[in-house]
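I have placed the structure first, in the form of C-alpha cells, so that the comments after it can refer back to it.
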Amino acid sequence: MGLNKEQIAQRIAKELQNGFYVNLGIGIPTLVANYIPDGVNVVLQSENGLLGMGPFPFEGEEDADLINAGKQTITTLPGSAFFDSAMSFGMIRAGKVDLTVLGAMEVADNGDIANWKIPGKMVKGMGGAMDLVAAAKNIIVAMQHTNPKGESKLLSKCTLPLTGIKCVKKVVTDLGVFDIIADGFRCLEHAPGVTLDEIKAKTAGRLVIDDDVKEMVF
Amino acid sequence: MGLNKEQIAQRIAKELQNGFYVNLGIGIPTLVANYIPDGVNVVLQSENGLLGMGPFPFEGEEDADLINAGKQTITTLPGSAFFDSAMSFGMIRAGKVDLTVLGAMEVADNGDIANWKIPGKMVKGMGGAMDLVAAAKNIIVAMQHTNPKGESKLLSKCTLPLTGIKCVKKVVTDLGVFDIIADGFRCLEHAPGVTLDEIKAKTAGRLVIDDDVKEMVF
Amino acid sequence: MNKVVANADEAIKGIESGMTLMLGGFGLCGIPENCIAALVRKGVNNLTCISNNAGVDDFGIGLMLQQKQVKKMISSYVGENAEFERQLLSGELEVELIPQGTLATRCMASGYGMPAVYLLAGVGTEVAEGKEVRNFNGKDYLLEYAFDSDFAIVKAWKGDAQGNLVFKDTARNFNPMMAMAGKITIAEVEELVPVGELHPNEIHTPGIYVHHIFQGKDYEKRIEQRTTRKKN
Amino acid sequence: MNKVVANADEAIKGIESGMTLMLGGFGLCGIPENCIAALVRKGVNNLTCISNNAGVDDFGIGLMLQQKQVKKMISSYVGENAEFERQLLSGELEVELIPQGTLATRCMASGYGMPAVYLLAGVGTEVAEGKEVRNFNGKDYLLEYAFDSDFAIVKAWKGDAQGNLVFKDTARNFNPMMAMAGKITIAEVEELVPVGELHPNEIHTPGIYVHHIFQGKDYEKRIEQRTTRKKN
C-alpha cells in the first residue's frame, strides 16, 4: 500500500525541531505545515519574501498582495516579517534556513536531485529550487517512490537535468524513510504494510538496509 | 588675498544643478549647503544613511540618532529617507549620486587625489572617501591652494598615499577654479584680487591658462 | 524634485522597441498592471523582458506575449502559461531560465554597483554551463554578472513625488531590486501621497532610484491560487 | 521562538578571548552601549573588532581600548581617539583600515551568502595591495571577501522576542548588515515590544538573523558634534 501524501507529510513533520526556520516547497511539502508536532515551534519561510507564514485566510479575507511561493493566498502570524527577494535568498544562501523540504522527479544515491525540467516536454523553470538545494543545511525530499510508469525515482544517477548536486540528506517516500550516506540510500523505516523486498525491488540506486529497520510510527 | 572658506563653498554651490543628488564631505564642502542657488532643488545624501539632509536642529532639539557623516546633529526634510550603510554606498557605487564635493590634501594634474593619510603622522582612515571618489560621476575638490607651509597642493603627482586615481574633475581653491583635462589643471576663473602670476607660482602641476580666464563673480 | 507624470502612457514614453525591460512582481503579485497595459497599447516589440515570471495567458506579461512584443524572456519560472509554451516550442520566443535567487541578486548587484558576484545556485547543473566556477573555502560558486536594463518598471503600494516607495506584504518581492537596476526606473503606485507622509524610517526604496512615478488606476490584482479555510 | 535574555551579561556569555566581534554603529550613533559595558566587565581580551569606528577615548569601543581588550581593529575611520592613536603608534594595536562602503558590503556579503564580490573603492591605492584586480566593462574592481564574525552585536530601537528589529534614523547604519553577518547575533534594543507589535512591512532585520535579544537600559547616547541653529 504505502503512505498517502498526507502521511508522507506527517512523517516529515516529525523531523522538525523546536526553533527551526523551515522552507516548504510546493505540493506534499506544503502539507507538512498541517502536522507540526505539539510543543515544536518553527517559523515557515516563503522565498517570495515572508518569514512567519500563517494558514490560508478565511473565505472572503484573501489578499492578492499576500501569497506564498506557490502563489496561494496565505496569512501572517504575530512576529511575521516581509522582505524583498534578494534578502530572502540571501538568508537561504547564508544558511539561516535550517531545513528545506521539497519535491523531486529523481534523486540519486549521492544526493543529486532533479526536479525542474524534462527536456522537450516541460520547461516551467527552476524557480527558487536551485538556490534552496545549493544552500540549505538540511534538505529532505518528499516524493513518490516510483513514477506513474512504476519506475524507481531513487536512482544511481539522475537522468534528468540536475537541480543540485550532492545536497539531499533524506528522502521520505510512500514506501519508507531513507538517509543518503556514502553507501547510498540507507533505509531507516518502512511504511506500514510495505515489505523490504518491495523497497528493494523499487529502488534502482544503491540501497543499504540495516538489520534494525523499523516500521514507521505516527 | 583669495577666497575665504565661505566663498569657496559659495562658488562651488554655483555648480549645483536642479535635480542633483549631492554628497558633501566634511569641512568646506559642508558649507556648500548654505549657498544653494534659488530655484535649484538638490537632495543631499549623507553616506551614513540619509537622503534629504536638512539643516542643523534648533537648540534643544538635537537627536543623537540623527547625525550626518561628519557626526554633526542634523534634521530631516519632507521626503527624507533613511537606509543602511550597504544601500548608501550601493547607490554611490551605482552612480546614482550626481555630484560629490570633498576636501583634499593633494590633487594631481591627472585627477588623482590624496586625503586620508600622512604616513607616520595621521592615521584617521579613509572613511567613505575612497568609495565616493571611486564611484561618483562628478567630483569637485574644495581646498586651499597651498598648505600651511605655502607649498602647492596642485601637483604633477601626489606625494601622499592616494585616495583615488584619475577621478577629480574640478578643483575650487582660494585662488581660482580649475577643470582637470588631459593637459592638466585648466584655469577657468581666478579669485578677485588674485593674479594669474600668483596662480602660476603656486601651482606645481601642469597648468593651462586660457586667454579668456574670468574673474570669479558671486 | 517632482517626478510625477500623468499616467502610464506618459511614464513609458521613452521605451522603444528592442529595449531591455525589468518588470517587478512575483506571479501576478505586485506587477505593474498599468504600465503593462500601456506597453500593449504602444505596441513596442522585440523587447527583452527580465521578470521572475511571464504572467498567465491573459494577464500580466502574458498580455505582451499575446501581442508578440517579447523577443526574449529572462525568468526563473514560466509555468501556467500556454501561449508562452507555444511560442517557446515554436522557437518564436527566446528564454533564459535563471535561479530565482540569482535573478534577484543580479538585479541587486546592478543597483549596488557590483559588476559581478559569486553565487552558489546551479553549480554542477546546466545553469553553470559557460560560467566561471571558483572555489571559496572548499565550496564551488558561479560568477554571476549584474543585470542592466534600459527601463525598470515597478509597482508599489505608496509613493511620493520624490520617488520614495513603500511596498505591501509579499507584493514587495523583486520590485525593490529592479527599481535599483534601471537606467531609468518607472514606479506606478496605488496611492500617491504628499511628500513627507511616508515615514523616513519606513521607506523601502529611496527616491534616488526612481525617475518617473504616477498614480495607477483600476488595479485588478488578480489572484492565481485562491486558497482559503472555513471558519470553524 | 523566544530569544529574549535577561541582560547584556547574559547575552555575551558565549564570547571568549580571541574571538572576532562585529559591533554596529557609526561614530557613537547606534552603538551597543550595554554590550560594550558588559564586555569591559567580563574582561575578555585579544579580540578582533570589526566596527566602522573605534569610539572616543572614554566611550564606545574606546572603553575596551582603555582596558587593552582589543588586539586588532578593522574600521574605516578611527579619528577622535587619543588612546587609540597611542596604542597604534606603539604597536600594541593592529589596525586594518577599509573603505566604509567596502566594510558595509563585506558584512552584507556574508549575510547574503556571497563569499566575495567585486568593488570599486581603493583601486590604484594602497588598499588594493595584494588584492585581485579584475576589469569589467573597462573599469577595474577589487575582489573583496565576505566578513565573518563569531558574534555580531547590534543596537536597535525596537525589537521583539522573535528577534525582529527596527532601527531609528541614522542609528541604523551598519547594524542591519552586521546582524546578518554574525555566526551568533546579539541585539540590544531600547524597547522590547510584544511579538506582533512591529508591523511586518516595517521590520528592518527579520528575526532569523538574531539569536539573543534583550531590553537595554541607561542609554547615554552621547553626541559627538552638537551642531545647532538658533530660532530666527
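In order of appearance the chains are A, B, C and D, and numbering begins at 1 in each one.
In the analysis below, a residue touches a chain if its C-beta (ideal position, glycine included) is under 8 Å from a C-beta of that chain, and two chains touch if they have at least 3 such contacts.
In this text, all values refer to a predicted model and were calculated from it rather than measured experimentally.
A.B. asks: Based only on mean CA positions, could you tell me how far subunit A sits from subunit C in angstrom?
C.D. replies: The mean C-alpha positions of subunit A and subunit C differ by 28 Å.
A.B. asks: Please work out the Cα centroid separation of subunit C and subunit D, and write it as a whole number of Å.
C.D. replies: 33
A.B. asks: Could you tell me the distance, in whole angstrom, between the mean C-alpha positions of subunit A and subunit D?
C.D. replies: Their C-alpha centroids are separated by 37 Å.
A.B. asks: Can you list the subunit D residues in contact with two or more other chains?
C.D. replies: 105, 112-114, 119-120, 167-169, 172, 200-201
A.B. asks: Mind pulling the subunit A residues that touch 2 or more other chains?
C.D. replies: 50, 76, 82-83, 86, 89-90, 92-93, 135
A.B. asks: Graph of touching chains, which shape: line, ring, star, complete, other?
C.D. replies: other
A.B. asks: Taking all chains into account, which pairs touch?
C.D. replies: The set of touching chain pairs is A-C, A-D, B-C, B-D, C-D.
A.B. asks: Residue numbers of subunit A touching subunit C in their complex, please.
C.D. replies: Touching subunit C from subunit A are residues 46-50, 55-68, 70-74, 76, 82-86, 88-90, 92-93, 123-131, 134-135, 161-166.
A.B. asks: Write out the stretch or stretches of subunit C touching subunit B in their complex.
C.D. replies: Contact set of subunit C toward subunit B: 1, 110-114, 160-162, 164, 180, 195-196, 198, 200-201, 203, 206-209.
A.B. asks: Per the contact definition, I'd like the list of subunit A residues that touch subunit D in the complex.
C.D. replies: 19, 21, 41, 43, 45, 50-52, 76, 78-83, 86-87, 89-97, 135
A.B. asks: What residues of subunit C sit close enough to touch subunit A in their complex?
C.D. replies: That would be residues 26-30, 52, 75-79, 85, 88, 95, 97, 99-105, 107-108, 119-127, 157, 167-177, 204, 221-231 of subunit C.
A.B. asks: Quick check: in the complex, which residue numbers of subunit C touch subunit D?
C.D. replies: For this pair, the touching residues of subunit C are 105, 109, 112-120, 136-137, 139, 141, 145, 166-169, 172, 200-202.
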